[in-house]
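Presented below is the structure to which this report refers.
Note that the chains are named A, B and C in the order they appear, and that numbering of residues resets to 1 at the start of each chain.
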Amino acid sequence: MEKRPIIIDTDPGCDDFFAIMMAAAYEGFDIRAITTVAGNAVVDVTTRNALDIAKLLGIKTRIAKGAGSAMMHPFDEPAAFVHGLNGIGQVVLPRSEQKVDEMKAWDVIYDEACKADGQLELIPVGPLTNVAIALLKYPDLKDKIKRITIMGGSTTIGNCLPYSEANIFHDPYAAHLVFTSGIPLVMAGLDITLTALVPTDDIMKMSEDIKNKAVRDTVVQLAKIRGNEPFHDVVAVASVIKEDIAEYKDYNVEIEYKSPLTYGRTIVDTTFTTGKAPNCRVMTGYNVEAHKTMFADMMRKY
Amino acid sequence: MHKIPVIIDTDPGIDDFFALAVAAASDKLDIRAITPVAGNQTYEKVCRNVENIRQLFRMDGVRIATGAKCPLVSAQRTAGNVHGEDGLGGVILPKAQQKAESTYAWDVIYEEAKRAQGRLQIAALGPLTNIAIAVLKYPDLPSMIDKLFVMGGTNGFGNVSPYAEFNIWADPHAADIVFCCGIKTVNMVGLNLTRQAILDIPEYRRVFSAAGDGPLGKIVTQLIDYLGTRAHGLGNTAMTLHDAIVTAAMSDDKLITYFPSYVRVECQSENAFGQTVVFAGNGNRVLEQGEPNVNVADTLDLERFKSTLSASLEKLKGRVAL
Amino acid sequence: MNKRPIIIDCDTGHDDAIALLLALGSPEVELKAVTTTAGNNVVDKTFHNTLKVLSHIGVTDIPVAKGAESFFFQPHKIADHVHGDSGLDGPELAEPSFGGVKLSAVELIEKTVRESAEKITLCPMGPLTNIATFVLSCPDLLPKIERISFMGGSAVGGNASPVAEFNTWQDPEAAQIVLKSGVPITMCSLDATFDAYITAEEKERFRQIGNKAGILTAELLDFFGKFHAKVGNKGAPMHDACAVAAVINPALFEMKRANVSMDLNGTFTRGCTTTDITGVTGRKQNCDVTFGVDREAFVELLYSAVKNLQ
């Protein structure tokens, strides 16, 4: 089977760790790059984490640093939204010697998109700043990406504002550019990812199947820190691996970036009131049992 | 000659004090009512100041209505940093015997407009909340008002933000309603005009010496001293009396020149919240614009203003009630 | 004398063309590259016009790249009422004798800055789309930008709306990204550029130089002057040339330091460069804003530059 080229754009992050872990455990993926963005921590920290996670999990790929802050706030207001100061609950990972790629995240995305001949899929699980900058810098990029599967947004409730989910909230301008790009999009929204809970006790049991002690220790620590909270980002990766794990509907989705009350909200036109053409496959249901099975299978790969 | 029936809508405020002095001293104006509005300070404070000033200037028979306590939509913000905690820089006026009546400002405005049979002029010296409520409640009111003078807005730079002036910024939604309601003459006396009366503090002292060294003179001196301290604190050696220019202009057509323009108030922008967007204003090179709805004050005859101020205080000095 | 290396980002355009002449004829600056953007007209036209102007005066060795076709968050509106259908109506210019480079505008700026030993000054004179994309995508190169001297914005007044200048009004979000970049900025705003005009008599002096550049300048002004006469301006304002003139000789302008930030969400004020000259916002000063120009000295500067050319 030919492997599918993907790039994970991420801000690790506890749940980013498990998203990367699941992607790396799947033989069908060719992880062309991991690109980092500010989000769960400042970008230097998320980049450091990405390098160390890659080493721990034995992923050999380019790791490129991306945006340090949202696109309308270049440089002056770095975003740090704390998942523990180092982004992963102060868990210390073995340090990787790998160097950060010489190219920036957006240049790597474009480079790999050109190489992959239209087959590249992006899985952004943080703010969409890197993807937006790539689209601005390379206007022809939109024709070279097969699909973008996003963890972000929500059809119902939010977690930063009543209706705004964190990844979109942290850079709605960038999200707007991605959602209007014309690239096929899949949205794993917060309303769905909240259902994808694997209880901590289950994870503890599953982790006994991990042969690599360093990996097992990290999984146990992260699962404990996280408590019984779903790993949102994993849903995006799982759905790219196993598309039928979720149900989807095609909707028009727009991003609010002006209103103070709904800043960063994904306006999902579930009632087709706007008359606008669908631009996104929105996840509307999720098979949690299958998700748990995938989780357990993933553990056995390490 | 018939006196002009007027209502003064005000939020005293040190410059409002002088505006009321000019109006009280004028023999051309027949002050029918004063309608207090929250602005420079919270409502209770400005209302008390209005009551005390009415008594001080012996404005017997002038009604005081009950006005709006907060802006229509936006959050309330006062200007205590300029006018002090009590709105009059800590200057204590004799306590008024008579309180404001319970009738609302907008109802008094409508009653007086009917009574004045098309001749009513209004001076709005604070946020435009009362006037906005009046025109919302009484759709026929705009056509019954002869002239509305507004101290507010600017054609150029502002004072509370780069382009916004305090009174409009304090209730921009009200201002936009009033500008667009169809009153045939709305004279907007903005900062671009009132700043033409920026004088050194010693210069103002000379103008105010007309108040003499009796009770009025003492009050005036205290107010000027306070403003001077405030101005100094803000790094200025000069000041202006925005509101007093407006009441002076009511009885003197030659004081200010205006140009007509379409004017709207920005209510959405973060940067320009409360800006009066003057479509025919300074530096604007756009030819297409809406029908003029506002006369924008442009130039001031400063000497004329100074003599009106002096003459008003001179006239009032023997008449204050203590 | 050390020449200051500059890159012009333009949407040629009559005053853009004259800005190019000013840069090419001035010994104080060296034009390293030209990038084009949508603005006065669509980018295909502004790119083509740029090549035509450079070809006309025999400058064919400067890399020219095509840039943004559209803006970040709003559709493009052209200014053909000012610059005509071609974006450069008036002079009869031959087809270009050279082509642009294969790189995009942002890539050309990136390459030029990266390869330069000295810091580079950027002179944008259209909507700031290309420059903002450069700022976002090349943060590591920003320390190599000496200054951004852009034509756009206004402290008071506007020409696209009552309070907004055309370039910043076209792509306000891009302008905001540039203003927040931390790079030193000169904002050549309408407050001064409307006074940087050329009179009808002065125009004839340019024609009388007799070289291609002089005659081109006069012919550009013949067309451009008509629009400005119609709307009652004193002469033909050379807005865009100010962005270059402020690099050659900042002393030509009366400058004030101010915080400038974009109005992004106004109903009536979107696209305004909110210019805080009194410090009332408490925001950090990030711009030198032009509030006046020594017009005669400016025209003289332009005259001697045009004289230096073919």
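Methods note: a residue touches a chain if its C-beta (ideal position, glycine included) is under 8 Å from a C-beta of that chain, and two chains touch if they have at least 3 such contacts.
No experiment lies behind these values; they were computed from the predicted model shown.
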Exercise. Which chain wins if you rank chains by how close their C-alpha centre is to the centre of all protein C-alpha atoms?
Worked result: C
Problem set entry | Leading chain pair when contacts are tallied as C-beta pairs | B-C
Problem set entry | Centroid distance [mean C-alpha coordinates] between chain C and chain A, Å | 40
Problem set entry | Rounded Å distance between chain B and chain C, as computed from the means of their C-alpha atoms | 44
Exercise. Taking each chain's centre as the mean of its CA atoms, how far is chain A from chain B in angstrom?
Worked result: 57
Exercise. Which residues does chain B have that touch at least 2 chains other than itself?
Worked result: none
Problem set entry | Junction residues of chain C, two or more chains touched | 264-265
For this session: Sort out for me which residues of chain B touch chain C in the complex.
Result: 156-163, 264, 266-272, 275, 277-287, 289
Seminar exercise, completed: In their shared complex, chain C is touched by residues of chain A numbered 67-68, 71-76, 104, 106-107, 133, 136-139, 173, 176-177, 258
Exercise. Considering the complex alone, what residue numbers of chain C touch chain A?
Worked result: 68-69, 72-73, 104, 106-107, 132-133, 135-140, 173, 176-177, 180-182, 264-265
Exercise. Hey, which residues of chain C end up touching chain B in the complex?
Worked result: 154, 156-163, 190-191, 194, 231, 233, 261-270, 272, 274-278, 280-281
